[in-house]
Structures are given as structure tokens and as C-alpha cells.
Amino acid sequence: MSSTEQIATTDIAPVQKARKKRPFGFYLAGFWVALILFLAVFGDFLPGPQWDESFYDSLGVAPFHQSHILGTTLDGYDMYSGLVHGARLSVFVALVAVIVGGAIGTVIGVASAYFRGKIDVVITMAFNIMLSIPNLVLSLALISVLAYSDENNPASTTRRVGVLMLSLTIVIIPILGRIARGATLQWSSREFVLASKSMGTTNFTIIRKHILPNVAPAILAIGFLAIGSVIIVEGSLAVLGIGVPGGGSWGSMLANGRGNIAFSPWEVYLPAGAIALTVISCNWFGDYVRKALDQRESKI
Amino acid sequence: MTQSQITRSRVMRRIGVAVAATIAISTLASTGSQAASNPSAPKYGGEVKVGIFDTFPGFCVGNNPANSALMATRTVYETLFEKTRGNDFVGLLAKSASVSADLKTWTVELRPGIKFHNGEAFNAAAAVTNFMNSSGMNFLGVAATKGPAAATAAYGHTLGTAVPFQSNVLKATAVGETTVVYSLDRPQNDFLGTLYASGRGFVRAPAQLIDKTTCSGTPIGTGPFKAVSFTTDEMIVAKNAEYWRKDPVTGNKLPYIDKITFTNIKESSSRQAAVQRGAIDAAMFSGASEGQYIQALRKQKQLVEYKSPAEYYPSLWLNQGKPGSPFKSKNARLAVLSCIDRVNWVKTRTKGEGVVSKSLVGPNNIMYTTSGFQKYSVEEAKKYVEAYKAETGATELAFAGPTDTSSVSVGNAKFFQTMMAKCGIKYDFVTEEGAVIIGKAFNPSPAAGSHYNAYDSIAILLFEGTDTTFNLPFVLTNGFASTSKNPLAGIFRTSIGSILGLNHHSNTDVDKLFYEGQAAQSKALAASKYKAGTALLQTEAIMGATFYFSYELFAGKSLGGIGKTPIELKKTQRLMTNWGIDWAGVYKTK
Amino acid sequence: MSSLLKIDGMSVTFATPRGNLRAVNDVTIELLQGESLGVVGESGSGKTVLSRATMGLLPGTATRTGTITYNGKVISELPKDEVRELWGTGMAMIFQDPMTALNPVRRIGSQLTESLTVRLGMDKKAAKLKAIELLKRVRIPDPESMLRKFPYQLSGGMRQRIMIAIAVSCEPELLFADEPTTALDVTVQAQVLDLITELRKESNMAMILVTHDLGVVAGHTDKIAVMYAGDVVEYAPTRQLFSNMKMPYTEALLKSIPRLETPTGSRLPVIEGRLPDPTKNEPGCPFANRCPYVQDKCRAEKPPLKDAGNNHFYRCWFPIGGEK
Amino acid sequence: METIRMIFKRIVLLSTVVVIATFLLSLLMRLLPGDPAAVLVPNAPEELRALIREETGLSKGIFGYYWQWLSGMLQGDFGKYYLNGGYRPVSEVLKKCLPPSLFLILYAQIVALALSIPLGLISAYKENSRFDRITSSVLFTAVSIPAFASGIILSLIFAVQLGWVDPIGYESPFGNPVEHFKLMILPVTSLAIGLTSSYTRLLRTDVIATLKEDYVTMAASKGISNKRVLWKHVFRPSSTTLLTSAALNMGGLIGGTIIVEIIFVIPGIGYEIAYSIGARQIVAMQTLIALVSFAYVFFNSTVDLITNITDPRTRERRV
């Protein structure tokens, strides 16, 4: 159905062009994400210097050096290897947090909105409570408590990474949970759900067949944005000294190099660039999914 | 009144693993060049901003400000004695000291007429009150009559790690207004060092000490400045118009400046930028971790550098007392100590600002000896690892240690880890906040199954300056000697007295040698005993060291008079120390 | 009476993701001063676009060709700012839905006096007095308290009166009324239309009344243009059209109007089928697929606009009642 | 009457959220293994620890502890930072650290709104134009650069290399207003970058939707200028989401300033939170986080309430 009346709207926007093609940025983002995922998976098999070895004789060499393509830090660590290694940790931490947190949040959010009643009140309240504490503060508090150990041999590096991921996951749950709840509320009142219900379909089937497929794109869109924020939060935690220990992630590379910006600026620009590009790419995908979603909505 | 400096949360950042070297740069060398730089006559007035790198934990006996925070604290407080550039002592609040022939009775004459900021008189009674509180004697008195809970309620706030530093003092007695007599348990030739305590033995007003609710928050001293306010990261002090000192050269009344703001600027780069742009008048830096900033500032013509001697000696403490630690085995200790690549450490981690250790302490310390100090050799280390495995049946030599959360500390730990890996030693580091590490390393009441020091090893700066007496509680088997007649020994031998020796070793020969050194009647004899003690620590591989370093202060041309106001003619105190400079004689040039 | 508005060969196309959409095809219309024209058609016929395009109120995705002459001046090529000068004072528009066409967050008073202060340069006091007078003219009781109300506090009929008041506030010469009664209750529809006609007569305003309801235009217009798929398919003085209908489409439109005399329970005739896809340019008469009188020629070739005399034009190969 | 009931309901809801949030925080603190008093004063003797346990209510179990903390808060006793031998009241610390943070947040909000309102309006008005696309990509990139990175880079360029402003520090606006604003430029900028970006995007989306409303066409048909249409008819109905989100950020920003406060050495509440968490000052930490949480909920509810009362559209929905 097409109606000219629907298009005719207002005069006050000047000439616009209809956009059909996927924008160039989409491919750029796709390329970057593919590259990062490739490095995250196969990075260790690629040739290059050790990422955690200090090269005493090449402290703070500039990029395009013959044996250190992206230069070294002032402490002698190879930038290229660091970035490749960091891709794994940063992406891993962010993906785990968003996927696990997103899954839990979705289940809770969908159930809350679908069943309504007291469950909904309680869960909404719980989300509000968690959201009332800023991301960074919440993860800081969680990490400082969970990574604390009274034992003689205190929290190990692996445990700290685990705690970091757990904290970020907890932070993600209410964010995506609220989105899932909102989307479910909107969809569960649609006719086809009511129709399905009236035919005696079980709640589980309705959720699986009718709700989830419709809620998923909204979650996906915000999920992409969340990956970006988690990478940034991880970096902030690294600046505060409780990120991934030992400079293994982009955030901690940046945190370690931040003081050297006047001496070896690439220590800041390269990891900041890697973070920014990844976040931009994730935002792009999120935006793309959201737009696609809007279009689908408008067609209905 | 002595104070331990162990609670330096941020020392971890300036840590190392160390021993012996030559004097690289001395304070004295740098004084000459500054003499000509500020020809203007001293002026009164003006406000000064100073950047430091430590937080303010409070001002009571239990709060031990780390070095750069100590600089701010020391504008308010003064010690009885001050160290001179010639390594002697000059009286500050005290006028002179004398000792009995058996080295067991020290009589200190105080300067008359000095007042605390609250108007209280500084006199022999005040000095004794300070001793009674910081040594735990007051606590003991109440505990004996009313029980420990009452004692804690009354004096818990003044109980700190300072206690074992004064374990050799049995009694302090006020004789008249200006004389204090200290009666010692063992003979001690370097008692003035105990009173100085690396700049931490300063005198608080009795009114401050007595009120436990305000003790740590209300600093009252005799110094050139009065505390105006403080937060965790900032301390503001204002001119003490009634300050007792005059410039002995010009006769000018001190101090010159109206107000100083000390701000903790954690980020080294921010501190560097701030002093370089003149946003602050001066900033302090640590040569252990801030090499690149120091070197960048050194190139700035508008700044003057004040450098301390390289007499701060971070050490690697190998804990023999902790259950599960590998370091009961000498082979394990030898393996680790042989695996320290000091040259590359200094080059990489201090950017060349440190000095490679050749002994646990530096050459201007009386304890200095290269004898028995483990040299870097991967092959040797590997042999020791094998020997350790054969000896204990362990499959590998593995140990752990803490690092605070700063990038530099984590970087150090990472570097150390890679270094150990080259010798086949597995080192795990644990990232925790500085305060938490300090709490776990010096834990006076460990839970069941744990230990006073929770870590296998810890790299930390505890040895500073040239006074052996200040270093002893850390290397002895216990802060209270087994023969101690100190009434506190009974209570504190198992708690506070035993926590400072992070090695928790049981080699009493070490104690014996150092005690003999303190009892020696001649400097030569003392030196030989001390060196023997150090050599024993080194050959037995009880602890290790990597480098020595200096503290630096960079000041703009807006400040004059730094290091030019002696306490007494011909007795000039040190220019730059772990606690910075003497601010009494500093003035604003514009 | 002299010519007020002349539209000559105007076409409007929209750029859409599916290609160019032709909303108005080569339309030629003339309007004299004080005259009223009804533009009638189903939704999608292009009637709203025609009115908005004439005024210049099109979104950026639209392209308009052809010439528009207003008061003897060609305005179709004027820059936007000069066209805007005509809006409100020269031409004004009453919108279809009074629920959405009033700004929900602004008070009636500010919306009503805006034209007066901005376009006519009245001061606030004068504008307020004028606003009260306008409200009286559109028969709103207690006009002073009305000024302080928000749109949500009013009924649909009230809102439409407000809109009319806004539209006539600057005494335009030409009023576009875009389905002014569609969104209203049947009972108020007639009142509103009568009000418009009355106001129009008072100040000799010309009007273009856009509607899908032939019944509405009958009593309120001088002439009628019937639109289908962007084309004007029949164009005649009102009386002429009703007495001598030529287009099968017009007939179908007329039949679809519910009448009071229609027995209850009987089915209302509707026009079967749909409008053709405006993005495709198919040969033949666009109405061919729905026309009860369709013949082969209709599917093959698009009929031109024919003159039936008496200012009556139509676009059909086989008109009702045969060719003249 | 209805408004009063609504306000009352809000207050009840608000207090419930804050009470539960702070209680959970207490619970979290109690998850710390070992003796919490030993965490507060790491190397103090057991006698002192016992004293602190008594004073804070840590000896009374979780409910006792929480009740003591809460009733203290209600009476204005915000707890203490425990030092080895003494304490500092948190209220004293708050007095010092709250103003710098509030100024920082306020300025960042003002700057972000001042930038994003025209940017959002124009880029929506010229949707898909070159201006829109450039603005979008610049803002997109800007929001993707973490505040700590932009802060460091800004500081390097404007403070160190160009020397236009001092790289660090804070001055009270009452003592030295010129210096106060100069010092605020860089931290406010690095905070405002991300805010501007998200505000602009919010406003742009809303304005695009509003531009499609009939009343905008209607306003345009009055012949008033585009500028007037945008400001008077488009901006206000489009600004609800923007203002709501700006107000919500007030709470979130208090915590979000941590990094900026550290880089630019501003003695604010973010800094104190980070410090208290780092030093495991659990009582102070709980108080500070509770205040942030309260601020968030407070602004959240207030904004909701205000839009409920002032925006005729929400009233319409209720009617």
C-alpha cells in the first residue's frame, strides 16, 4: 500500500536524497570487526615479537621501526604485539559480559513483561536499583569486594579477570533487561499474541515463537552499543588500576601509556584508536540494526 | 615518638629489588649550582602550590604519611634533631645531646621558649608525653590497671608500628623544663638516629595526642606553618607568625611564605606538566618510577632541580615465616636473588635514574658491603632452582607477591615476572590496593592459619637514609630483643614487635651482629659489625635488592631560598631528603 | 472577477526508496477571486499533494514542475523566502486533523496570536484583542479563557474552529481547506463547513476545499475538480458536474456517499479494486481496472482531457451519456 | 489533589529504591572475607578493631549494621573514614568534594546542551545533508573515544603544548572566578564531548519525528520563518527526551566524573568514591555510593514529575 498523503509531510526540510545503498561506513565497520575477531582468535599464531617481553634496547621507539612495526612503549613493550594480544582480552571480556549479561537480562526482562503482576513490579524495581548506581561505580565496588581475598595467597590474575567479567556482566543485566522488558510489553499486546493465547498455546511457545524473534532485534541493537560501552568501562577500570592486570587489554595499554603521551604518544593514540574504531563499529552495527528495525516497524 | 614509615601505601610504586653501588649523584654536588640562581633578597608573603604524589592518612602516631606527604606534614611538625649534610645531627627542637659512657643513658637538652601552635609550651614534659604515647608506654600503664579495653579506649589511637622502633628505650624522664633523660635497655651509640627516625620522629602537641577523636585530624606542631585544612589529597598550611627560628645568617624571622597548598597529583604526567607550565611552584618526584618525567623536567631552563642522595634502598623481602612459602629453603632464596637483572631493571624501569645495587644498602650507609651479595646469573639461578627441587621434591619453584594498582607497580611486577621466567622460576603477582597490601603484609592479628605477612615475597622501600637504627626493626628476628627488659615486650613481642621483619627469618646471628654494632664504642668497630650483619643477610640470601634511588624536587624561579637557611651556622641540614625540603627559609621571588 | 490563482501543467514527483512516485500529473486549474473549488478523490489520488504543492508546503523529497501564477505573479519559481511571504496573509491552510495540527505544548493564545504578531506586526495587546474577536467569529464561547488553554483540553470541533481562526487570522485571499471535517463527528461537520463558507463570504476569500466526499463539496463550492491517481479526471462547475456527470469514476464516488434515504441494512456500494501503483508508469486509463464500463481501448491508451463545453472537462474514452 | 497523591507515591517509591539499594550495598560490603574492621584499619591492634566494630555496628550482624548506618544517615551522621588511630567524618569530606563535582557536572551539562540543541535541530532539519552527515560522524567518533583518552589528549595539546590553560587543579568560583573557569575548561570539555554526542543524537531523532507532525506544517503555513518554526514549534515538543536524559545524567555523572577528576586533579566526589573503594573504607564508600544512587533516583523522579505536570501531552494521555 502506498499513499502519497503519508509521504507528504512538511515543507521545512530542504532537498533530501533517498538512500538505498548501505553506507560505506558499514563495510568499514564490518572489515574492522572481522579483523579484530581474526586477531582475537588467531593473534597468537601470527609472527611478531613477544607481547609481554620488554626490549631493553628499544625503549620507546617510534612506529615503523624495522623490528617493531608500531613502535614500542617507553618500557620497551612492542605495540603491535600488545594490540594483537589486547584484541583478545578486550573483545573477550566485552563479548562475554554482553552475551551472558544480555541473555540473563533478556530472560528476566521478557518474563517480567510477559507475566506482569508482582514479578514485574519486583524486577522493575530491581533494575531501577541497579541502574541507580553508575556503571563505573558499580563495577568498581563489585570488583573491589569480589576480588578481595583474606587468604594468604590472595586473588590471582585469573580470578581478577573473572571478577572483572562477572562485574561487567552484572552491570549489563539491567541495561539489556530493561530493553527486553520494554520490547516485550509492546509485542505481547499485539493481536497475534492474543490470538495465539486464545488458541491455547503454552506461554513458553508464545515467548519462543512470537515474542523472542520480535524482541531480539531491539536487544541486538542495544547489545552492540553495550559492547562499545563495556570496552570503554574496562578501559576506565584499567585507568583506576583494576582492569585486566598486566597491560593485557587495550584499556590497560592505554592506562599504562597515558603518562607517556608527551614522550611516546603512540602509546596513547594506538590503543585509543583501536578502542574508538571498535566502539564506532559496534555503534554502527547497533544503529544499522535499529534502522532496519524501524523500517520493519513502519512497514507493519 | 619515633615513627615507622612502613605504612607508605604508595611506596610500592617506587619499589625495587636491590643492593650496593657507588655514589652516583650526591646532594652536595647539586647545591653549588643553585647558589647562584636566585640572587634576589628574601621577601615576605605570597602563596605557594606544591605537587606531591602521596595521600594524607592523618597525623596521629598510627598514621604514617608516605614521603611526599611527609614533606607537607613536616611543615607543621619538627623533630628534636635534624640530619646535616655531613651525616651528623644538629639540634632542631633540641639544643644538644650527651651520652653516658656505657651508652645507656642519653640526656637531651631542649631549646627553651618554643610553643606549639595551640599555645602549649614545648618542654621536657611535652617531649616525654610524645614518647609515652608513641612507644605504647601510656597504653601499657592503663592496660595494667584497667585492662586492655580501657587502654585501647584511651590510647588505641596512638598505638602504631612506631612501637618497636623505640623498644630499646625503657624510660624517658623530664628533668626540669628543658632536659629529657632517655634510659636505654641495651647500649646504643646511634640513639639520635632513633629520635630522628628518618624525619618521622616529630613532636606533636600533647593536646593533639590526648584527644583520640581528633588526634589524626588535628595536626598541632611547632613548625613554621600551621595546618589550615587537609583532605585525602590536599593539605593547606599557613604561616606560623610565632615561629621560633630566625635565619642565623641574615637574622630574618622565618618563615617567609604566607600559605602553602600541597596537592596530591597522582598522575606523574600531570604533575610534570603542572610544574613545567608554572601552574604549581614546585613538585616532588621519585627517581624509582618517574625517570622520564625527571629527565624531561631537567631540560626545562625555568626550573631548578633539587636532588637527594641516592640513599633510598628498596628491597625484596622473602618471607620464610609464611606457611607454603618456598623461602624456608636457602636454595629457593638464592635462585630468586641470582635471577635479578639489575642493569636492565635500572635502564628500563627507572629510565636510568636509579643506581644498580651492589649491596642491600648504598655506599654512604655504614652497613654497606658487597660481600655475599648475589650477582645476576641465569645459569646460577637455574642451578639453585634444580637444587631446590631436589631438596624439597617440588616440581617447580613458584612464589607470589603483591603489586599495587598503579601502572608503574604493575609494570614492575610484570618485568619481574618475565625476569624470573628466564630462570625457570614462576612468579605470580597479585594486584591489590596499596593500603590493602600494607595491611596484609604488616598484620598484627592474623586469623587462624594465616601469617603476619600474607605474601611469599614483597618488594617495598623500607630502608631509607643512613641510620642503621631506623633499618633494624625490619631485619631483626623481632623488634623486641629476647633479652629485652622493656615492659612492653611481653605484650608486643607476638604482635607489633614481630610484624616489621617481613622476612620472618630466625637467624639470631643477625640480631647479635647489629646489636654489637650499636653497642660499639668506636665508629670503626660499629662499622665492621654492621657490615658483618649485612654480609650475613646477603650470604644467607635473607633478602635482596635491585637499585637505589633519589627523590627530586623541581621548583620554578618563583621560589627562592631553598636550602639556604641553616638551622645553626655551619650546621646546614640536608637540602633534599625523603621528606623533601625545609620550607621555613623558602620565599617567593615575585 | 479577476483570476486569483492559475495552476498550469503542474506535476509533483516524490523520490522514494522504491523509485519516483508521481503524485500529481500535469494539472491545470484556474481560480477566480472569491471563488471556491472542491478537489475530490479517494485517498492516494493526489488531492492533498495538489493543495500543498500549490502552496509550496512539500517535503524535501518532492519535485514540482509547472507554473503557478498568483495574482498575476508567477510564484512557482520564486525563492522560498518570498513564497513564505504569501503564506498566512495571502494563502492559508486549514489542516485535516485538528488533533495533530495544533502544537500540543503551546497554549491556544500563543498559537493564535503568532501570525498576528509575527506576520502583521501587531503588539501583544492588539493581537490578543484581535484573537478574541477571531474566536468570537468562529463562535467560541468565553474566548478569553480559551486563550489560556492547551489543545488537549478542547474537543475536536473546538480545535477545528481554532484552526480556522488561525487560518483566517491574517485575512488571506485564498484558503486551502484540507479535509477540514474528516476527523470530526458527523454532527459538527456541517457546522464547521457552514462556518467556513460564511467566513469566506464575509471577506470574499477564495477557497480550495480538498475532500474525498462529493457530498461535502456540493453545497460549498463553485466548481469541482475530481482527481484520480494524480490526474484531474473531471473538472466542471458544481452544478454542471452534478447534472451532467461524464466520468465513471465520479459516478462511483457519488454512489459511495452514504445517504439518509439509503435503507438501513443495505450495503453501501464501494469502488472495487485499488489505485494503480504510482511508481509505475503503465499504459492505458489508470481507472481501467476498476471501471464498470471498461473497453479494450481503455487498457491500451490513456485518454486525453476532453472539453464537454460549459467549462466542463473530463478524461474518458467512453463518458457517461456519450460524447457531447 | 491528584498531583499530591502522585508526589506522595513517588516519594514512597524513591525511598524504597534508595533503601533497598543501600541495603544491598551493605550486603555487598559484608561479602568481604574476614573481619571488616581489619579491612577498615589494616594494621591496627585487635583492641582498636573491636572498638570500631562496636561504633559502626559491624558487630551486630547485617541488619543491625544497616539500621545503624541508615539511622545515622537520617540524623546527618554520614559515617567516618577510619584512619589508623582516629577518623575523619565523611560529612566533612563531602563538604569539600561536592562543590567541585557539582560545578563540573553543571558546566558539562550546560556546554553539552548549548552545543547539542543547535546541532541536533539543524542536523534534523537538514536530515541527510552534508552538514548532518559530517556532524553525525564527528559526534559518533567523539563518543567512541573514552573520556580518559580525550582528557589526556586535550591536556597534552592545550595545557602542555599550547600552554593556554593550566593542566590541573581546581579553584573555588567564589575566591578566584577567572581561574575557576579557566581550570574548568579542559575537564568540562572532555566530559561534554560524550554528552554532546548523545544529546545531539537524541534531539535529532526527536526533531525528525516532530518535523513530520501536522502542527509543524501548520505553523510553517502561517508564513513564519523557519527559525521561528524550529525554535517555537519543533524544539519544545522535541526536548522532553533530551531534558529527561540530561536530568538523569546528573546522578550518573557524579560517578562518571571519576576519571576526569583524577586526570585533572579535581578534588571531587568521584575521586573520593574511587579512593574510598580503593582503601576499602566500606562505611564511607557506602555513604558516598548511597548519595549518588539517591541523586539518580531523585533526579529521575523529579524529572518524571515535572514532565508529568508541565507537558500537556502526558496530561492528555492521563485524561
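In order of appearance the chains are A, B, C and D, and numbering begins at 1 in each one.
One rule holds in what follows: a contact is a pair of C-beta atoms (placed from the backbone, for glycine too) under 8 Å apart; a residue touches a chain by one contact, two chains touch by 3 or more.
Because the structure is a prediction, the values reported are computed rather than measured.
J.: Taking each chain's centre as the average of its Cα atoms, which is closest to the average over all protein Cα atoms shown?
T.: Per-chain C-alpha centroids compared to the overall one single out D.
J.: Where are there more C-beta contacts: C-D or A-D?
T.: Ranking C-D and A-D by C-beta contacts puts A-D first.
J.: In whole angstrom, how far does the Cα centroid of chain A sit from the Cα centroid of chain C?
T.: The computed centroid separation for chain A versus chain C comes out at 52 Å.
J.: Chain A to chain D: how many Å between their CA centres?
T.: Chain centroid spacing, chain A to chain D, equals 22 Å.
J.: On a C-alpha centroid basis, what's the spacing between chain B and chain D, in Å?
T.: The computed centroid separation for chain B versus chain D comes out at 41 Å.
J.: Give the residues of chain D touching no fewer than two other chains, as numbers and ranges.
T.: 34, 39, 152, 160, 213, 217, 220, 262, 278, 280
J.: Of all residues in chain B, which are in touch with two or more distinct other chains?
T.: Chain B, residues with two or more chain partners: 267, 269, 273, 405, 433, 436, 440, 447.
J.: Where in chain A do residues touch two or more of the other chains?
T.: 9-11, 13-14, 16-17, 19, 144, 148, 150-151, 240-241, 255, 258, 261-262
J.: Could you please specify the touching residues of chain B with respect to chain A in the complex?
T.: Going by the criterion above, the answer is residues 267-269, 272-273, 292-293, 296, 322-324, 344, 347-349, 351, 400, 402, 404-407, 410-411, 413-415, 418, 428-433, 436, 440, 447, 449-451, 454-456.
J.: Over in the complex, which chain D residues touch chain A? Could you list them?
T.: Those in contact with chain A are residues 16-18, 20-21, 24-25, 28-29, 31-34, 39, 125-129, 137, 140-141, 143-149, 152-153, 156, 160, 211-213, 216-217, 220, 226, 229-230, 251-256, 258-259, 262, 273-274, 277-278, 280, 285, 289, 292-293, 296-297, 300.
J.: Would you mind writing out the residues of chain D in touch with chain C in their complex?
T.: Residue list for chain D touching chain C: 213-215, 217-225, 228, 232-233, 236-237, 311-313, 315-316, 319.
J.: Which residues of chain A touch chain B once you look at their complex with the stated criterion?
T.: Going through chain A, the ones touching chain B are 52-54, 56, 59, 74-76, 144, 148, 150-157, 160, 240-242, 245-247, 252, 255-256, 258-263.
J.: State the interface residues of chain B toward chain D in the complex, per the touch definition above.
T.: Within the complex, chain B touches chain D at residues 7, 49, 55, 57-58, 60-64, 148-149, 151-153, 156-161, 212-217, 229, 231-234, 263-267, 269-271, 273-274, 276-277, 279-280, 405, 433-436, 438-440, 442-445, 447, 495-496, 499.
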